[in-house]
Amino acid sequence: QSTVQLSGIADAAARSVSNQGRGSVKSLVSGSNNTSRLVVRGTEDLGGGLSASFWLEHGIALDTGTSTAAGFWDRRSTLSLSGKSLGEVRMGRDYVPTYLNWVRFDPFSHVGVAGSNNSVSATPLGPIRSAFGSNANTTVRANDTLQYHLPGGLGGIDGQVMLGAGEGAGNKVIGARLGYVAGPLSLSAARVQTENANTSTGKFIDTAIGGTWNLGFLRANAVWRQFKQNQSKQTNLMLSGTVPVSTGEVKFSMIRVDLDGRVGTTSIDPNGSTHLGLGYVHTLSKRSALYGTCSRISNRGAATYQVPGGPAGLAGGGRSTGYELGMRHNF
Amino acid sequence: QSTVQLSGIADAAARSVSNQGRGSVKSLVSGSNNTSRLVVRGTEDLGGGLSASFWLEHGIALDTGTSTAAGFWDRRSTLSLSGKSLGEVRMGRDYVPTYLNWVRFDPFSHVGVAGSNNSVSATPLGPIRSAFGSNANTTVRANDTLQYHLPGGLGGIDGQVMLGAGEGAGNKVIGARLGYVAGPLSLSAARVQTENANTSTGKFIDTAIGGTWNLGFLRANAVWRQFKQNQSKQTNLMLSGTVPVSTGEVKFSMIRVDLDGRVGTTSIDPNGSTHLGLGYVHTLSKRSALYGTCSRISNRGAATYQVPGGPAGLAGGGRSTGYELGMRHNF
Amino acid sequence: QSTVQLSGIADAAARSVSNQGRGSVKSLVSGSNNTSRLVVRGTEDLGGGLSASFWLEHGIALDTGTSTAAGFWDRRSTLSLSGKSLGEVRMGRDYVPTYLNWVRFDPFSHVGVAGSNNSVSATPLGPIRSAFGSNANTTVRANDTLQYHLPGGLGGIDGQVMLGAGEGAGNKVIGARLGYVAGPLSLSAARVQTENANTSTGKFIDTAIGGTWNLGFLRANAVWRQFKQNQSKQTNLMLSGTVPVSTGEVKFSMIRVDLDGRVGTTSIDPNGSTHLGLGYVHTLSKRSALYGTCSRISNRGAATYQVPGGPAGLAGGGRSTGYELGMRHNF
């Protein structure tokens, strides 16, 4: 079966994280530059510009030899029918448009001590917890989706729409993304709304708008993302950049998180945080690299955003810092 | 390791199922034409007509990125030693002979809205539940088996025997299948008996007898399968066919399910159902196809056989209908 | 991605185990000559003698189509940077040095009815249970490790050190191995100490010293391994050998297990066992073999070491015997 490709990423790092007033923890972690994974995929040319393709992606916790999620192919499992000038119809589990419109502006790819995952997923009381409780949320991926992606060659425009079947009990998702590239500039916007058993007081609305200006010596990004549900809001603003150097690249990001409104009778207004990240990736080959990253999260109010892997018990408003040294290998 | 083959199937569909008096549910599902799967297998020529081979098969729920079963290689995990004129000795987890002698006559391959799985596995009170409770049953596969398969070239005769070690606590299985092919006609019969901790009142007996008449413009099948345990019986009769058309094939099936006798003091005599299925598969290539299928299940008595994916709470004797549009890609 | 290798082992056997006074159980088992597994690995030449490599290894219970451990890549998941003359830095989940320094002297590769696993892992009250309770122990592998392995070409010397990050709650591991090969003789010693929440009364200390004398007609091994924690000790001594014959090899082992001291107020002094194993491996090809193995474990005191797969309820001091016939296929 010559058309099946087996590929992936193995990424591991030594990390140290300190949480204010709680000491520090040293750890060996997986996927700090890019999530460790195994990918099985393939494409079949059907003739006439049509093709069939599939993509199965499994996340690996290389440090412990486990799967990163309960679902083995949690990262992506899709089947597509594509036409060169018709675009692509895609079915299965996949990234939501807003996540794609956020992570493309994060030089840390959402992961590691400085990844923007630290300010999105690990939320305190706010719209995400209010809409999803402890169930799977739709800020990164959604199940049971049907998508349409625009074809290439539309004069710099790209885009997609996604429908996720709620199937009675799950997350019913409607989302879209539209982007435009003009020379060194690119701009894009996305919106996803989710309904489930928790959202009778209002759908969960996720909006992301961002752009990149590629100056050659610096690739600069700005992106704004807001989660809303009923009377609560979380607004994340990220300014970031990548600077190519002869041996690799330097990258940095600054994220400001603000919570607004209230959940039930609890005001979340004073809560928020500021994240700073700085990293250097040293190229060993096209496929392999060494990297070092450091990060600091300063919380406000009752917020407890943290660099992952630190000691438990950070107090609201506390500070969390971390650094790591690692290696990434694409195979 | 050039002898390892990585292959599989990616299959997804959009489905709608209505249950009488309960409304309908729309869903995105996996494996409606053929179960989505990943297969790792290989064969080594040992010389002198002997070969060693293995087969590992993993079921994928493409819609949610999960495994279809708790066991990762649940679909099949076997090791074989084969001789061209000696036949094959096979060890591991595999299909039972009666299942093989049923599914070969089901043009819907046991899956999807019209698959015969809907009338076998999802049983109400009857011999299956009586013999297995909520534990894994042996109507499809069995663990810990040792098999012998007849070699080819026996003048149209093929067959197999299976022994499954109960290992003290599990399902102890003894089964066999014998088939005969003569030109356009094929006939085959299989029987499997299972003993476990629940069957002190009588072994679970599974018998399947069927045949195919290939008329060229129509491949017609008839198959009868009966499950028995103590004083309860379930009899399934399926008439089905496949009609090749220029762009693919049309297929249909009719299944009648009858429950007889009693479980404990509960009479199951009045219970049963009739299933109708109709489908069209549109060929895109040797490996890829689009398909559409519709199905109706009409229950009698207290039976609640259902098209999978519908709303909960179908009343005994109620009707369940469904249709789906999807795509299958072999890789 | 031409650099990814997919390989593995499929191994299955029919087994019978008798436990004194409890009857016997027949079973179909996986991995009695060598654990059934799937391996994904690869190496990239980075130039200048440097290379990047990864290794993912999944254990398969071929008899039931399941994973052998909760962690899918439990057997090994590592990422390495190696230099021809610099040695190898390795990160991830891997074997501990003492296990490597024990299993290399076990002709039954730690598995099957005669494998030394039966005298190490399945321990009654002793230092292993005292230090780890029912949590994962570090007698075979450890999570979150950073290793350094000596390069080749050091005049017969090889060795490694391992650090395992406890990460606050897990097993903090420090270990090393040093070996020396001189012609037909090889000698090596290893030590691993583990700290966790249970070891406040004393670290768990694991020491293994062994050697091989290759006489041509016989490869003879002797190895001593001791587990210690607080006031309890388990000492395992194995004498073993492999005799090449024209059609394969004959192998045997004798293991004596002695428990000493006490756990809490319970004396474990009288407990121990003697294991005898004898096997023959019949070569079918470089990659495939048939095998037969028999084994007897005689317990002393309250010890209940057992050949795996027998009936439950062996009394302290009882005898357990087993034999198996199987096939192994490397792919």
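As written, the chain order gives the labels A, B and C, with residue 1 at the start of each chain.
Quick note on the criterion: a contact is a pair of C-beta atoms (placed from the backbone, for glycine too) under 8 Å apart; a residue touches a chain by one contact, two chains touch by 3 or more.
Treat the numbers as computed from the prediction; the structure is a model and nothing was measured.
Peer 1: Fitting on CA atoms only, what is the rotation between the copies chain A and chain B? Please report it in degrees, nearest 5.
Peer 2: Value: 120 degrees, nearest 5.
Peer 1: What's the call on chain B versus chain C, same or different interface residues, using the half cut on shared numbers?
Peer 2: Different; most numbers are used by only one of chain B and chain C.
Peer 1: Per the centroid of Cα atoms for each chain, what is the distance between chain B and chain C, given in Å?
Peer 2: 40
Peer 1: So which bits of chain C are touching at least two other chains?
Peer 2: As it turns out, chain C has residues touching two or more other chains at 6, 72.
Peer 1: Inside the complex, what are the residues of chain B that reach chain A?
Peer 2: 5-8, 10-14, 25-30, 38, 60-67, 72, 284-285, 287-288, 290, 309, 311-312, 326-327, 329, 331
Peer 1: Mind listing the chain B positions that touch chain C in their complex?
Peer 2: Residues in contact with chain C: 1, 3-4, 6, 40, 42, 44, 46-47, 50, 52-54, 56, 70-79, 81, 91-93, 143-146, 164-165, 167-168.
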